[in-house]
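The structures come next, written out as structure tokens.
In the two complexes that follow, chain A is the common piece, with chain B as its partner first and chain C second.
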Partner chain A sequence: MARLFDIRILTIAGSLLCLILGLAFPWSKTPIIVGLCFGIATLGVAAMVRAGQVSFGHAMYACIAGYTVAFLARAWPQLDGLLLILAGVGASLFAGAIVGVFVVRYRGIFFGMLNLAISMVLYSVIGKFYAITGGTDGLRINRPTLLGIEFERAGFETVLLVGTLLAAIGLGILVQRYFQSASGEALAGIKTNETRLEYLGLSARRVLWDGYLFSAGLVGLSGALFALVQGLVTPDIGSWLRSGEFVFIAILGGSGHAIGAFLGAAVFELVKLFAAAYMTGIWQMLLGITLIVVILVAPEGIVGLLMKKSALATPRRKSPWGTRREENKWTP
Partner chain B sequence: MDALIRTEGLSLSFGGVVAADNIDFRLDVGERLAVIGQNGAGKTTFINICTGFLKPTRGRVWFDGKDVTGMEPRHIVRFGLGRSFQLPQLFLDHTVRQCLEISAAARQGRLSFFKPLAQSVNRREIEHTLELVSLRERGSELASSLPEGQRKLLDVAMALMLNPKLLIMDEPTSGVASEDKHDLMATLMRALDERKVTSWFVEHDVDIVSRYATRVAAWIAGKVAADGPPAEVLASAAVRREILGTA
Partner chain C sequence: MSFELLMLAAADGFSYAGLLFLVSLGLTLIFGVQGILNVAHGSLYAFGGYTAATLAIWAAEKQAPTWVLLAALVLAALVVGVILGGILEIGLLRRVQDKDPVLQLLVTFAAFLIFEDLQRLIWGVSPYSSTEVVSRLGNFDIFGITYTAYQLLLIPAVAFGVYLGLLFALRRTRLGKQIIAVTHHREVATALGINARKIGLIAFIMGAFLGALGGALAAPTTSLVPGVGTDMIVLSFSVVATAGLGQITGALITALLIGLARSVAVYTVPELEVAVPYLIMVAVLLVRPNGLFTVAQARRI
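Moving on to the complex of A and B:
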């Protein structure tokens, strides 16, 4: 219980920090919302990591949701922001359900590359169809009403900040519940032993598909929020670089607990902001070094390190990256 | 007696190698079968075909009156066929208790998304099974921390959690120190007896075979060369020459 308590304090402290910073320094609202969006998307990617699968194409779901928001908001400007977000999530779930049927047949590098390939097709289609998608210039989204209320820019951002924060906390709890449910533990079983899953009467593909759908919805939500806060969607929202950033944050934060996604996103955003301000020329190098340090010092990510340090961690997965499938591998 | 599992003309070849050669076989409820044979005789292949992991080139398999030929393992398992492996198939990143909990949840069918795993299964049943296979003290440890003998026990226990009608164990004592083999078998048999599970195990140790089996089947080159009461089969000339190497 003490460990859970720590995470609660961490969550409350983090949330307060987001609110206070956002209200005290209005310029920081957007980066905070963006950071939270990254955290929500990474929750989805981390679910795949628990199954031992790394997707290099998950940003496509943010892209699908983002463009759904843009298309709808341009076609029906009177649509409420909340409806736009729901529609975006719905679209990403729909796409995830279909793409999932194909990708859950593959594992490891094939799973990762197939996701990447599909996301790149989407990226170039959106980039080329200028008449419909605005090409690489993207589409502008006018500020919609939120729950029927019209806001000025500052108010809109504040509401979005609070809403995103609440969504992040709620989803963090939801995802953590999922991780510890029968379905979530079976998902982690895909990493270590699919043969056993099948011999328990479970379909490993179905278990992975459930998780995939979950992750597509989460990334979709982040994309919808992202589109609203920026007031603009461009194909970059679904680029492979963005997918890579989600994976980067998942490694940085660790997948041992849902809060890892947000800790990772916070560090990622801070390093980016710091580097943009003080080391403009070498910000990628700074991110790279951060990742190297994390992999060497804390292979289970920030959350793994915290759990180990609190010494209250229940025995859990060792490294989410060091696969131990081989020693368990069975061939007829 | 009802045939729990029955095969007719079951055949499978890998290229030129005949791994199963026209096998007609049946196992009745309540039997305790030991399968013996040299490495490569086709014992595991036969298990793999019966449990759906491999598809036969010819022949049919019935389990509990249903034709299961060509079905996936997960479907056959649902009819009541449990299996353990020569190389234990565990969830190495989960604790011993969680491994059993996942099995118990799988037996119930639809997996919950929100209810914590430990709460969606019968806790007393889990503890009882842990006790039965002498793993209670290690319940909270990672499965990967167990020594080979206990891994074998956990592997069997995971199959047992499904409440199978038949449990097939592929070499439950291989990789276990010889002085521990009898303890392990006694533990397993106690667990099987308690649940009245029909069993079939592959075994190389003649001592164990004659002590725990009610029937022995000897595999030679993809065929059942001898099948019957242990004393009879172990004394037959072909088995002594080809498998035991004592003639």
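Moving on to the complex of A and C:
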């Protein structure tokens, strides 16, 4: 039987589409890179969603990485782009490791709220300390060299597009492997039944900390790339609305498979572009309606829908969302 | 910091805490009964504010007496609470009642996105305000500072009145006791013959009304711009989480604490003004993971 939904074919087709579109219509490079960045960040947030935890503050890691890139690029203009990205990811990992120690003690709403609070502190401090951070105007980043080569704007964007695409594919595969590995399954175990997880001899906090660090790194990478492609960082990169959008995309795409993050990001960017072209001013409304329709019609997201339609891909677990379990209620 | 400045900060904070308490009370009531953290609550605040400003501007043009202006504010909140609250509960939340809690939260986020644009379409992006009622009520002097009676007397009085009224209603009336029963355990309450659906709707509309009332009372003293709801929702989240979800008296004390701390920060370290509520929240949650006033294991309200 012909498969309707083969992840490998879908990935290759999607990547080719990104490349062809980007090369044929140069204006589309930025939205495609931005879409991929959203996808990478959503991979991280999806890992948290798999653990049943929704963070309304993960954009702070994009913010930390973005501002690290900006500060370094301004202090040492000769620094290579790749080094800047690595430094950004490093900074977000470092922050994630520290914040993680505290937030993994919380579940459900308090996990979300604590992340939100920390990200709001960062967001408002960055917006207010004009002298250091440029306030709400943000900081400009001059185009750095990439691997020692200096590029014009068009070339820079093409290299960034290819690089982001490769990173997205690689990370997608990595995250999928992680989801199916023992520690990934343990992470999902926090959602289904944390007590049983502890009985297996695993520390739920440690498992969640690992996942949290991983997700902070992914969101950080997306923030660093985002800052480079825009040539500008503003506090908005870390606003709670951005964190909400990551969760939004994770639900839209579905957390059954890593590719869901990118499918969700693609739909998200398309709705935004469509609204910008034809219905200016109501893009949030369109996004909201899309989200409600997806939740009502396909609560397991686009991936869940595709998996159901084609009897393929032998899902390892019946449903990543499972049925609603009493012990997993959102009340503390 | 001089004594006058301190008194000014206290007056600011006191009045602001009143508004913050009303909005947070609505949020915490809805969470208690429905188990949903309503992100769209910020939109209810914004809609309440805009509707109140529209009504008050219209009434002021007609030279209406002061009590009509005040009634217009409450009426606006009532209309927004019943209509938008009803639509949200019946049209949306009921349909996702049995779904994953993450999805329930996201549905309210989607509603928030829709309302944000709707509000922009209806009222545009230029600032809206109607200060008529504030000037009508006049100023008065206290401890060497002059402050508007509207902000220093009316808003705190309404907030405290709502607090006492709600406590009385929950403890002494049939409906209030039913709400508490549903909060404690929905299934058991249903088994006892309580119409949990109806109670859920009523509690949601009450919560929505309180959110809108916060906005309506804020309308005469602030200029409304797009994004007011966005700021208010995260702020009321911080009050509710710091107090402990579902804690009514806790929300009152926390709103006071956060309101006063914020206005003291405005006069001393203005850079930290926005960050102060969240710093308090982080500090509290690190020490008391379930909020200040949560009783161990006991369920809320």
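Simple rule for what comes next: the second predicted complex is superposed on the first by the 308 of 332 C-alpha atoms of A that agree within 3 Å, B and C clash if a C-alpha of one lies under 4 Å from a C-alpha of the other, contacts with A are read in each partner's own complex, and residues count from 1 in each chain.
Keep this in mind: contacts are C-beta pairs under 8 Å (C-beta built on N, C-alpha and C of every residue); 3 or more make two chains touch, one makes a residue touch a chain.
Note that the coordinates shown come from a computational prediction; the quantities given were computed from them, not determined experimentally.
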Query raised in the report: Taking the superposition as given, does A:Trp240 touch the first partner, chain B, the second, chain C, both, or neither?
Result: second
Query raised in the report: Which holds for A:Phe274: it touches chain B only (first), chain C only (second), both, or neither?
Result: neither
**Report entry** First, second, both or neither for A:Trp76, with chain B first and chain C second
**Finding:** neither
Report task. Check the contacts made with chain A and report whether chain B or chain C touches more of its residues. Result -> C
Report task. State whether A:Ala186 touches chain B only (first), chain C only (second), both chains, or neither. Result -> first
Report task. Based on the superposed arrangement, let me know which partner A:Arg177 touches: chain B (first), chain C (second), both, or neither? Result -> first
**Report entry** chain B/chain C common contact set on chain A
**Finding:** 324, 328-330, 332
Report summary line: In the complex, the residues of chain C that touch chain A are 35, 37, 39, 92, 95-96, 98-107, 109-114, 116-118, 120-121, 230, 234, 237-238, 241, 245, 270-275, 278-279, 281-282, 285-286, 289-290, 294, 299
Query - Contact set on chain A toward chain C in their complex - result: 49, 52, 54, 102, 105-106, 108-110, 112-114, 116-118, 120-121, 124-125, 127-129, 240-241, 244, 247-248, 251, 281-285, 287-289, 291-292, 295-296, 299, 321, 324, 328-332
Report summary line: Touching chain B in the complex, chain A uses residues 174, 177-178, 180-186, 188-189, 191-193, 195-203, 207, 210, 314-318, 324, 327-330, 332
Query raised in the report: In the complex of these two chains, what residues of chain B are touching chain A?
Result: 44-45, 48, 51, 53-54, 72-75, 77-78, 82-83, 85-87, 89-95, 98, 101-103, 105-107, 111-117, 120-121, 140-142, 144-145, 158-159, 162
